[in-house]
Amino acid sequence: MPPRYAYLGPEGTFAEIALRSLAESRDADLIPVETVADAFAAVRDGSVEGAVVPFENSVEGAVTGTLDEFATGDPLHIAREMLVPVRLSLLARPGTDLGAIRVVASHPHATAQCRHWLRAHLPEARVHAAPSTAEAAAAVAEGADATDAAIASPAAGTRYGLAELVADIGDHQHAVTRFVLAVEPGPLPRPTGADRTTVVTLIADDHPGALLELLTEFAVRGVNLTRIESRPTGHGLGRYCFSIDCEGHIEDARVGDALAALHRFCEEVRFCGSYPRADGEAPRLRPGTSDGDFRAAAEWLDRARRGTA
Amino acid sequence: MPPRYAYLGPEGTFAEIALRSLAESRDADLIPVETVADAFAAVRDGSVEGAVVPFENSVEGAVTGTLDEFATGDPLHIAREMLVPVRLSLLARPGTDLGAIRVVASHPHATAQCRHWLRAHLPEARVHAAPSTAEAAAAVAEGADATDAAIASPAAGTRYGLAELVADIGDHQHAVTRFVLAVEPGPLPRPTGADRTTVVTLIADDHPGALLELLTEFAVRGVNLTRIESRPTGHGLGRYCFSIDCEGHIEDARVGDALAALHRFCEEVRFCGSYPRADGEAPRLRPGTSDGDFRAAAEWLDRARRGTA
Amino acid sequence: MPPRYAYLGPEGTFAEIALRSLAESRDADLIPVETVADAFAAVRDGSVEGAVVPFENSVEGAVTGTLDEFATGDPLHIAREMLVPVRLSLLARPGTDLGAIRVVASHPHATAQCRHWLRAHLPEARVHAAPSTAEAAAAVAEGADATDAAIASPAAGTRYGLAELVADIGDHQHAVTRFVLAVEPGPLPRPTGADRTTVVTLIADDHPGALLELLTEFAVRGVNLTRIESRPTGHGLGRYCFSIDCEGHIEDARVGDALAALHRFCEEVRFCGSYPRADGEAPRLRPGTSDGDFRAAAEWLDRARRGTA
Amino acid sequence: MPPRYAYLGPEGTFAEIALRSLAESRDADLIPVETVADAFAAVRDGSVEGAVVPFENSVEGAVTGTLDEFATGDPLHIAREMLVPVRLSLLARPGTDLGAIRVVASHPHATAQCRHWLRAHLPEARVHAAPSTAEAAAAVAEGADATDAAIASPAAGTRYGLAELVADIGDHQHAVTRFVLAVEPGPLPRPTGADRTTVVTLIADDHPGALLELLTEFAVRGVNLTRIESRPTGHGLGRYCFSIDCEGHIEDARVGDALAALHRFCEEVRFCGSYPRADGEAPRLRPGTSDGDFRAAAEWLDRARRGTA
C-alpha cells in the first residue's frame, strides 16, 4: 500500500503544490482535507504519514490555526519545510468578461494580498470570503452561487477548468508561503548544517521581563531566531505562549543547550522539530558556539571538577 | 449635527456593543461598516470622528487586519480601549430544532472558540465562514442560503429576530475581545495613572539580537510590555515589524524616554496612542523610574555639566 | 614529619591568626614567609602543604599581589577562606609616652585604616611604611631605627613584648580581612551548600561589552557574584583580566555550566578553587537553577533529540 | 603671583614628569607633596590650582589611594590625563659596583615591575619598600641608611646625583602610568571628540545583578567603558562602589543620558570630570547614538506627545 499524505485542500491549493515538491509525495496517495484541524487529526490518528499545512506567509504573517495546532493537543513534529511563491490570478469561467465581474471570492489572505489591484481594477466588485483559494475556484467553476471570479493559483485554474483573466494580481512581488510537513514525533532528520528548529514555550511565571530572559538564553549561545510569534493561551488577555523558529538543529550543541535552558524555567517547552531549511541558508557561527567549543568546554569542566584543569 | 462613529458591523456585532459602552456614543450616529479597512478609511477621510474595531481576542489572538491598518497608511491613534466579554450563542430561526441543523455559519474566530461544543453536539454539521458573527445571524434570518444556524452574540439574535437555541457555547469561559477606538492623531487623552501605549516599530538593520535590544530599552526603564506581536513587513519571510503595547502613558517620563530610545535606532517608530486601560490596572513602578526620578536625574546632569554637581 | 604551612609573616601577623584558626594547623609546622610571592613559591615547589595569604580587606580592598599570583604562574587553588577581624592597636616599647611619639610605622593598609585617629591624636607624627604590621612591631621592639610606635594587632604586641598604648584605633569598626589557604590543585573540598568559587578570566577579544557578556553568563544561570576585580594583564592600559568570586561550588550544575560557558569564549578561564564560605551563607536559588532542574532539562533534551520528548 | 600645582613628590618622580608635560605648568610653581592625600588636601583647601597624582599603571593596576580620594571627601574633578612611559633604572652612588649591592629600595609597584630582573641579577639583594621611587633615590643619595641602590626614573638619578648602573630593568616593555590632574569642580574642558569621563557609582540596593544593570545602561547607549574598578565602601566585604572610565564627554548626549540613568537608581553617582584622552583616540559611534540622533528623538517625542508625530 502506498504511503498517504494529507494536504490542505481542495485540489489546486498552494499546499498541494508544496506537497508535490517533496520526494516523499512521489508514489504516495495525496489526500486533500478541508481544514488545518483535519490535517492534524489525520496525522494524529495515523491515517496519514504526514500532512502539509501553511505555516506563515510573507505578507499575511503566521497561520494562527497551524501555530495553535502545534501548541496544543498531542505533539507533532515538523519534518520538512517548503517555500512556495504565491502567484495569484483572477480566474473565471471561460468567456467571462472582466467588466462583467460583480463578485470575487477567495481566501481572505489572498484577497488582502490583491487589495490594491482590486481597488484599481474592480472597485465596484464585492469580495466574498472562501475557506481556501482553491475552494473559491471550485465554487466559480460550479457556478452554484453568484460568484463570478476567484483569486487563486494558476494551478487551481487548470484544475477547475477556469480561464486566467489576469495573471499575477498580487500587490507584493515575491510573496511566498512557507508550508510545513507535520508528522508524528520520531527520529529526527539528520543535521544538514542549514537547519531550523521550532519550539513553543509557555513561560511559567509570566513576569515582566520573561520574554527578555527567554531571548537572552538564545543570544548568549549565539542562536539566532528567525521568527517569534506570541499566541494567547486562552487564559485571558496578557497571557501568551511563544512560537519560535531558530537557526540550527537540536543536535547542535548551542541549540540543544539553549532549549534545555528554556526547559529549566519555562512551564512547558514543546519541541516541534528540527529540519532542513528550505532556503539552505547556513548560520554564521559566533566564536565559542561550535560543537567543538562546547565539547572542549565540557572536557575542561570535567578536569576542573577533578582538580586537574 | 451629531458626531458620527463607525464600527465593524453589521448591527449586533460585539464591536457595536463596545462602541455603545463609550460615553462618546451617547448622542452620536453609529454607523456599521463592512470591513476593518472601511472603518479605518472612514476615519482617515474624516467622514467619522472615530471607529471601533476589534484588536485582540483572549482566545484567537491579535486581529491582524487591525494591526496592519495601524502599521501602514496614514497614522491613526487609539483613543480608548474596551473589553467585551465574548458570549456566543447558537441562534436559529424560531421553531428550528437542534437536531435539524446541518450547516452552521459564523466568523471563523467564533467558530474556533466553539470547536469543542460543535464536535460534541453537532458533529455532523458543516461549518461555513461568514465575514462576521452578526452577518452570519443576518444570513440565517434571511434564510437565503442553506445555513440553518449562526454562532453570534445574544444581541445579534435579538437584532435579527433569531431564537437562542443554546447559550454560552464557547469553549473558554471568560473569553474577551479587546476593541479600540481609532481616531485621527491629535491631543492625547490625559494620563490617568493606569494607561497603555501602543507603538509599531520597524527595526532598521534587522540583525540577530535586534528584538533583544528593543526589549532591553523598555526593561532598563522599568516599562512592562503587555503585548508584542510580530507582523511581516511584506518584504519577505524573516522581515518583521513589531506591534507593541506597554504600560504607561507617553507623557510618563519612563515611557517617553523608552520610545525616544527606540526612535534612535529603529527605522520607524509609529506612535499609535496612549489611552486609559480598560481594566484600570496601574503599574507598580520600579525604584528610579518615576517622573520625579527622571526630573531629579535631569537636574543633576545639568549641574554636572556646569561643573556644580 | 608534621605537615608544614606557610603564612605571610613575621610572627604576629593577622595571617598567622588566620592560619591558627584552621584545624589543619593544629599539629603542623607554621612557617612565616616574607612576601606573598614567597608564600606562593613555597606551595609551588612543594616545600609546604599550603600557604595563608591575605586576599581582600573590607576597607582597603583586594590584595593585588595575591590576585596576581593566582592569575599567573602555575595555577594554585584556594582550599579554604578565613575572615579575621582587623583589630589595630598602637604599640610601643614599655614606658613610652603617647606624647613622645614622633614616628609611627605600619603596613600602608593598616595606616590608611587609622587615618582619622592619627590625624586627631598624633597630627605631628611621621608615618613610615613597613612591609607588614608585624614587621613594624618587630622593628619598634628592636629599637634599631627611629620608629617610636607601630600599628599592629594586639597579638603582635604580645609576640614582640610591646605595650598596647591605645587599642582599637581603626577608623572602621568591623573591618575584616579575608585570608585564603592556597594549595596545589587536587581533589576539591566537597560541596557544603554554602560555598564560594574563584576564577580568573581573560577575555579573548577585548571588545566593548565583553564584561557585560561575561556577567550575563552568570546571571542567566542564577549565579551571583560576590566580588569582581579588574587587573591589568601587563599588556597596556585598557587590557584587563577579571578576578571573580561567585556563590556556589563548581560541582553545582549552575556554577559548572556558567564556567564552561566562559571557557567557550574567553581566552583563558583559570579555575582557582571551590571552598566553603567562611560566613556559612547559603545562596537562595532562583527557580530553574537547582541541580535537579539541570538534570531534568538534560533528560528532556535527550528525549527531544531522540524524538520522544 | 604664579599659579601653583602640586605633584606626588619628591622631585624626580614620574608625577613631576607628568606635570611638566602640561602647558599649565610652564610658569607655575610646582610643589612636591608627600602623599596622595596631601595632594588632594592641597587642592581642596585652595592652596594649589591642581595636583598631579598617579591613577593607574599598565602593570600594577589602579592606584587605590587615588581612587579612594576621588570617591570620598569633597568632590574633585579630573581636568587632564597624562600617560608617562615607565622607564626604571637601577641607580646608585657614583662608584658603586653592581656586585656590591645588598639592599635595593623603591616603591613596591616599581619593585614588582622589576621582579624578573632582580631575581636574575641580584638574587641575594634585600628589597626595601620606599614611599616613592624618588624618595628611594634620595635616601640612597643621602647614604643615611643601609640602602645601596634605588629603582627609579633616570630623571630621579639626575636629580639626586646618582649613577645609572643599569637602564630599563622593568620586566614589561611599554609599561605606562596614567596620571591625572585633580582640580576643584568648575567649568569643564570643552569636548574634543576624543574625551574620557570618570565617575564613581554607589549602588543603592546592592542586589545580585546590580553591576549587570549598571553596565547595561552604558551599553544600550553605545558608551564603551575603558576601565572599571570595584572598591570597598568600608561597610563590610561584599559591599563595593565602582570607579568607572567611559569614552566620551558628559556633554555628549549618549554619555550624559547614561549617567543620568545611573543617577536614577544608584545611591550616589559622583561625577569626576570629562577631559581629553591623552591617546587622542576617538570613539566609533554605534548607529543611533550621536548627538543628532538624540536631538531628533527628543523632537520626535515632543511631536508625539502633542499628537503630531
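Just so it is clear, A, B, C and D label the chains in written order, and each chain counts residues from 1 on its own.
Operating definition for what follows: a contact is a pair of C-beta atoms (placed from the backbone, for glycine too) under 8 Å apart; a residue touches a chain by one contact, two chains touch by 3 or more.
From a predicted model like this one, the values you see are computed outputs, not experimental measurements.
*Asks:* Indicate the whole-number Å distance between the mean C-alpha point of chain A and the mean C-alpha point of chain B.
*Replies:* 25
*Asks:* Indicate the whole-number Å distance between the mean C-alpha point of chain A and the mean C-alpha point of chain D.
*Replies:* 59
*Asks:* Return the distance between the CA-based centres of chain A and chain C, expressed in whole Å.
*Replies:* 57
*Asks:* At least two other chains touched by the same residue of chain A: list those residues.
*Replies:* Those would be 216.
*Asks:* Classify the inter-chain contact topology: is it line, ring, star, complete, or other?
*Replies:* Looks like a ring, each chain touching just two neighbours.
*Asks:* What chain-chain pairs meet the touch criterion?
*Replies:* Chain-chain contacts present: A-B, A-C, B-D, C-D.
*Asks:* Going by the contact rule set out above, which residues of chain D touch chain B in the complex?
*Replies:* Against chain B, chain D makes touches at 75, 77, 185-188, 204-205, 213, 216-217, 220, 250-251, 256, 259-261, 263-265, 269, 271, 287-289, 293-294, 296-298, 300-301, 304-309.
*Asks:* Mind pulling up the chain A residues that touch chain B in the complex?
*Replies:* The contact residues of chain A facing chain B are 37, 56-61, 64-65, 83, 112, 115, 129-131, 145, 172, 174-176, 178, 208-209, 211-212, 215-216, 219, 224-232, 234-240.
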